[in-house]
Amino acid sequence: MSVELERRLRALEDRAEIAELIARYGPAVDAGDGERAAALWAPEGTYQFDDTVLDADGVRTLVHYDTHVEYMRRGCGHVLSAPRIEIDGDTATAVTHSVVLVHDGDRWVAERVSANRWELRRLPEGWRVQRRLNRLLDGAEAARELLSP
Amino acid sequence: MSVELERRLRALEDRAEIAELIARYGPAVDAGDGERAAALWAPEGTYQFDDTVLDADGVRTLVHYDTHVEYMRRGCGHVLSAPRIEIDGDTATAVTHSVVLVHDGDRWVAERVSANRWELRRLPEGWRVQRRLNRLLDGAEAARELLSP
Amino acid sequence: MSVELERRLRALEDRAEIAELIARYGPAVDAGDGERAAALWAPEGTYQFDDTVLDADGVRTLVHYDTHVEYMRRGCGHVLSAPRIEIDGDTATAVTHSVVLVHDGDRWVAERVSANRWELRRLPEGWRVQRRLNRLLDGAEAARELLSP
């Protein structure tokens, strides 16, 4: 296979793999499956939202937080938008919106709408999350900055 | 073309075709086009939501249900998340969230937020839905199970 | 590289590039970055929503509209669904839903839910938006028509 062909194939595969990785987050946490959520992160990766910073072990326990348990009891969907993705060799950055919809009477309410910046790394076993930053889109400049290039 | 190259190309094409198939569902039903919605299903495929099980003919008539006609009269969007996709030869499973937003005064309200499991088959004419399972994320365990591997 | 292999690779790359182009819109406008939003359009491209028609220069100024400035002050997310894409040589059509979620007290409210039809062109520098049509899904037939083939 020529170098050029390999480069084009790899670029497509990287993009597909990263989109798949991100698409696994919502179903994992909505199913209450902390193992599957944590498996998306690199061993030394982190997840920062609001004033909290978790390591991969912390992501595993996220589904047991009071807030999350209550979301699941009421019924919730963590819905992520199709990602914007930029790949640079063995690192990549993706940007998505995320919306947490929670059941409330005869409808669902958007209790969180956030900007997300995903910093990704290619490990021998595949792409993993090195750092995910999540901030509520509540008018704060810090959230808007996550959406910039 | 080498066997390995064909395998890699095919994997990318399968993923793109399945994502496209699923992305056609929302626009078809919001446009009231039952033919186009039904065309996503295999001839013997089924769609199960709440306590209803439809075959492909049933999917064709879905847009004429009272609930759906009323959704369209008020204005509605069936918004699906980017799918998680696992392909295994000539079958595949995809998982998405779906959100039905319905116009209500000066805003839109999420009247349904569901977990969806799409079981897909490769037919000579392309990938089609063999079975789609949809359950409201209202706290029921059955909905969360659709989101598991 | 064989003609057939080049055709298959190109089809995959076109689809990925168009999905990426569309995924850049929401983050750009939510960050208040009119330059990045306008850069998605062809020089003579247009964006039509409600009763407004903008050219690419107009898209650049969109983030300074009173409505948009107020959205950003309150906190907003322009969330687009994964696109349905049809490519025909050097032109393509994509269809998405878009949802504008605006912060309101302790939740976010869907202030706009629209049908979007994106007419795209391949330019020497890559795919760009030739025409984007956006209409509120408020029960109007004109919005549903954007979702048809």
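So that you can tell them apart, the chains are marked A, B and C in the order they are listed, and the count of residues begins at 1 in each.
Keep in mind that, in the parts below, a contact is a pair of C-beta atoms (placed from the backbone, for glycine too) under 8 Å apart; a residue touches a chain by one contact, two chains touch by 3 or more.
This structure is a prediction, so every number in the text was calculated from the model and none was measured.
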Shared interface numbering between subunit C and subunit B [over half = same, under half = different]: different
Copy-to-copy rotation for subunit A and subunit C - C-alpha atoms, rounded to a multiple of 5°: 120
Chain centre separation in whole Å, for subunit C relative to subunit B (CA means): 22
Overlap residues in subunit A, where contacts from two or more other chains coincide: 5, 9, 12, 81-83, 109-110
Touching residues on subunit B, where the partner in the complex is subunit A: 2, 4-5, 8-9, 12, 15, 81-85, 95, 97, 99, 109-115, 136-140, 143-145, 147-149
Residues on subunit B engaged by subunit C in the complex (per definition of touch): 1, 5, 9, 12-13, 16, 19-20, 22-24, 26-28, 30-33, 36, 72-83, 101, 103, 106-110
